[in-house]
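Submitted below is the structure of interest, expressed as structure tokens.
Labels run A, B, C and D following the written order; every chain starts at residue 1.
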Amino acid sequence: MKTFASDNNAGVHPQIMAALDECNKEHVVGYGDDIYTQQAIAAFKNFFNKQVEVFFVYGGTGANVLAVSSACRSYESVICAASAHINVDECGAPEKFSGAKLVDIATENGKLTPAMIKPYLHGFEFEHHSQPKLISISQPTELGTVYTLDELKALRELADSYNMLIHVDGARIANAAVALGCSFKEMTLGCGIDILSFGGNKNGLMFGEALLFFTKDISKNFKYIRKQAMQLHSKMRFISAQFNAYLQTGLWHKNATHSNKMARILVDRIKGIPGIKITQPVETNAVFVTLPKEMISKIQQETFFYDWNEYIGEVRWMTAFDTTEQDIDNFITILKKYLK
Amino acid sequence: MKTFASDNNAGVHPQIMAALDECNKEHVVGYGDDIYTQQAIAAFKNFFNKQVEVFFVYGGTGANVLAVSSACRSYESVICAASAHINVDECGAPEKFSGAKLVDIATENGKLTPAMIKPYLHGFEFEHHSQPKLISISQPTELGTVYTLDELKALRELADSYNMLIHVDGARIANAAVALGCSFKEMTLGCGIDILSFGGNKNGLMFGEALLFFTKDISKNFKYIRKQAMQLHSKMRFISAQFNAYLQTGLWHKNATHSNKMARILVDRIKGIPGIKITQPVETNAVFVTLPKEMISKIQQETFFYDWNEYIGEVRWMTAFDTTEQDIDNFITILKKYLK
Amino acid sequence: MKTFASDNNAGVHPQIMAALDECNKEHVVGYGDDIYTQQAIAAFKNFFNKQVEVFFVYGGTGANVLAVSSACRSYESVICAASAHINVDECGAPEKFSGAKLVDIATENGKLTPAMIKPYLHGFEFEHHSQPKLISISQPTELGTVYTLDELKALRELADSYNMLIHVDGARIANAAVALGCSFKEMTLGCGIDILSFGGNKNGLMFGEALLFFTKDISKNFKYIRKQAMQLHSKMRFISAQFNAYLQTGLWHKNATHSNKMARILVDRIKGIPGIKITQPVETNAVFVTLPKEMISKIQQETFFYDWNEYIGEVRWMTAFDTTEQDIDNFITILKKYLK
Amino acid sequence: MKTFASDNNAGVHPQIMAALDECNKEHVVGYGDDIYTQQAIAAFKNFFNKQVEVFFVYGGTGANVLAVSSACRSYESVICAASAHINVDECGAPEKFSGAKLVDIATENGKLTPAMIKPYLHGFEFEHHSQPKLISISQPTELGTVYTLDELKALRELADSYNMLIHVDGARIANAAVALGCSFKEMTLGCGIDILSFGGNKNGLMFGEALLFFTKDISKNFKYIRKQAMQLHSKMRFISAQFNAYLQTGLWHKNATHSNKMARILVDRIKGIPGIKITQPVETNAVFVTLPKEMISKIQQETFFYDWNEYIGEVRWMTAFDTTEQDIDNFITILKKYLK
């Protein structure tokens, strides 16, 4: 049975499996000097622009950490939301590998605003303070919310005033693009983003993540950083072929549209069930709710999902590219059994 | 056309593709808490013993670096051959992530002996010196040679005298096992090895590597180290299922037997071609030769392979699980065209 | 003229200069294997207990960072106040060298309480989260406030519940001891502190800081960590001799008593000057006040001191071991010139 | 009694003590923004040129490690002699802090030549290899030998061909300058050196070391690196004042001339004592000799000195700025007692 625990609990989309099969012939040179990688990079350039620099790494944590390492020297700092994946879900990998300091800011909904960031932008040129260099945001956020294009542009304006860079953790970037109804390009390049972790594992891929640099020079020595960070895959074609299929066929859009839609249906179906309170705007494929605390573990025993905030009984439900209405029906049945 | 550039230029074995397909159904919990990972770990325990601790990471560099990080604190040092992958092919990843010092020793054939290591084992308790803690060897070596069981046991004896640990970089461990005609267990546990990077990518897998700890306590906090090192895959089943199939079906043995045999055939076929001199004993699937320097780039333009030592005109040829006798015929034809 | 900018703007106390002179004869072995270092360690053991492990490093940042590095592995985290020196005044040195994550908590007065810390103590055993390991507090805090013995014991109780360690940044530990009217031992060992950065530079020493470990095993490999952290002085006697004189003669108490007293006098003298508002309890030798924003830079041009919070016009004034009542008179005269 | 163990076993020269006393008045701003530091920097600029960037750190290991950190990114490498202090006497500090790889080369006399280095200069642009960036030499070497100006210029020529930088570990730079009979400028700037660790502790100072950058841009962000590396002293004047006196009064020259001369006298005096063989040219203040192995520990019990190579019974004797002919007489008497 499928659960609502996480979109990374889903498997690999059949079109991706087919792409893996298809590229599995003959010998090709390792480490990215192959035709499949050329095609995938061309696909990205087609979606963004010719100047974008594209690199593949093993996963999301790797992409985020290398974004930080490329943008910052160890004496610089990264401004992020307290809820950011880099702040709470990477076991300190950004600090360990880059040496840079994370300055995290509490938010209501996972989104940073210039007003929230500004009080932390001081101490420039003062050697005792880590120098603010990078604003890292998640799009969508870990709470499923989405920055509007205007909100992104406001961050860019702030960053410009302080000579800072902006990184987007796009582990679920497709879900955000679908939610905003815009292209990848509009929501990144068009808003002045410098670096993008472009994920696909949560939307049907098997492994691998793309790291995109829109701004000249940041990626100049990236190939060495990637290798030293243990993120260079030898049989690179098996990452590239996935991204190529994902982008070229529109699979990214189809899958994200579906999972966003399933979240909306889930929200509609839980209305009226007593004891459930939705705590965040449902803008992508995540639904955050509070439940009566004593019921949580009982429900989890029937169908697993993650606690989000044990203090207030908040949990997270996520839909995936392969969630069906029948899965939702089954889930609602379980919920109703415990919440009357 | 298939080349003799590297065994990682080959694709993925069909049985591995089938295993990936087969595990691709329904949702399973991410990060290794799934039935496929349990099965793969059980398979490893079956090959070694019940006490072995098994962890999956993304690739060979990750496995080696995390072996160093688990065994050593930053003020300790690693003794290795100058030709070791950790010393020359990982862009300084071991030093960067672990902080430990690599002490490399020149060898004739990639193999270390106690006599070669001993002069470097001093300064214990002297705070100015990195403390020798780990001997890291490659089996087979990067030069295709294989340590005998007696040679391994001699290193163990040395390590015991100095309270040191031994790590084996087993990127091609199957080729060594086949060459020695012994089990994985005999050549590792049986010889007192503490940590093993167990690779499969060069023998038909797509991605992922196993890190095995035979000695209690070294792996105690490994799960955190793996996550912080960006080596924890979310959709873990797609690594585990590969290793499960690889071990359970004997694929490791079949593929390594084949590639070793192809190397022997290649050696037989180049005999008598003028200008080729074999420089290392051919014990696994690598063939090192010197060629007339002026011919190397010409031949490479027709069929790519790597330079090994430009100063003496040494190159490396590798066979793979999918090398055919026809591939060898084609290669010999090219060689004979340039070397008369 | 003496300012109220910082107690580290003061020079070296004549008794310390005398101690330096006195130890400057003949040759002694470097790196701490000398009679002066033995004497200083004995003096510390006399003040604390026989089990305390004492190491000398170059300065306060070094002491704090090495406390973190000794207590934590890179995948662990440090809970500290947002105002902590390790969080804002060490340019990210703790993260860079230890790899550990700093989790900072906003406070009113620089002091942490169990209730403030508890919400951050979760995710134990969860590999995605940095594991909480160390609570680091400053005594006195960077805001000049002092933890009572009961407050320290409450933190110990919390730490015990979670198997955590406690570090005290004691850059001005003598000022806190004088304020509490207790011995160094009562306020550290007596309250279950594990590690203490014992400073003296702000109270009349020239250079060097002591790092004290009260809990077995934490310091086991410290000598290597110190050397690798570039904190081992060759001519160690010139650090040791200072601490020996500082402790043996009661200089620490005399100087701290004086600077605390001068801060009280300063507070008394500014009462009634319009536009000055004291913002923190004055418990040691720091006085935090808000001033009319437009006046701050004008006053600073006559007598330098540091801005603390530009947003609210808060500045910091510090007294030192050599501050005189005449210095205060002069300062008050300047203040009154601008604040009428 | 004075020994021949190390020049850092000596105390502080009286003129340095006087300089410390003299600057010990009033308050001055911390961290280097003071008149004494300005004077010391001016003195260095006077010795070298106006463009030199001068920073003070705590000690020699700190200076060397920060030279590496300034010159290299973590994926780059440092070429050095196997005997280099950074390679064997800093407990892995360069690797830990900079992340860069050390590539060490065995030498006869501690000196590198272009011919020795060249075979290691390959793999440029190849992401699997740490990129060679810095040549680090010691002047004089740890074996007491001195590079001639021509030898230095030859290294510069090599470095230019590969776009590399050169660092000099000048822990005993004054002894080398005296040996060469040239100015500091001629032997550094004049030979194309980029970075110089300028030491003084082994020649009469108490603590502190200067790091000099001759080449634009390398030091651009150095102030942050120094702070993050725990090498920024608060009461900076007490380092600066020492260097100011050391340079301005010619003390550096007087002391180094004396210790070099004492080494020559020692060499003359041991001639004819049976069982002593000098193993390195005596060009500065170090004398390396082999002794009958069974006698070494016996002599060390009467007058301590360090073993250098236990395998061949080699030991090191060093003279200092305060070594007297009487000290040599006493030492010779002891030697003769055991070596007849």
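In this text, a residue touches a chain if its C-beta (ideal position, glycine included) is under 8 Å from a C-beta of that chain, and two chains touch if they have at least 3 such contacts.
Predicted model, so just to flag it, every value in this text is computed and none were measured.
Each chain gets a centre from the mean of its Cα atoms; the one farthest from the centre of chain C is B.
Each of B-D and B-C has its own count of C-beta contacts, and the greater count is at B-D. With centres defined as mean CA coordinates, chain B is found 33 Å away from chain A. A straight line joining the Cα centres of chain A and chain D is 50 Å long.
Rounded to whole angstrom units, the spacing between the C-alpha centres of chain B and chain D is 41.
Chain centres here are Cα averages; for chain B and chain C they lie 50 Å apart. Residue positions of chain D touching 2 or more other chains: 74-75, 90-92, 96, 99, 127-128, 224, 227-228, 232. Within the complex formed with chain A, the chain C residues making contact are 74-77, 88-92, 95-96, 99-102, 119, 122, 127-130, 310-311.
Contact residues on chain C toward chain D in their complex (touch as defined above): 1-3, 5-6, 8-12, 17, 20-21, 23-30, 58-62, 65, 90-93, 96-97, 201, 206-207, 224, 227-235, 238, 304, 320.
By the touch criterion stated above, chain A contacts chain D in their complex at residues 31, 73-75, 99, 127-128, 131, 221, 223-228, 232.
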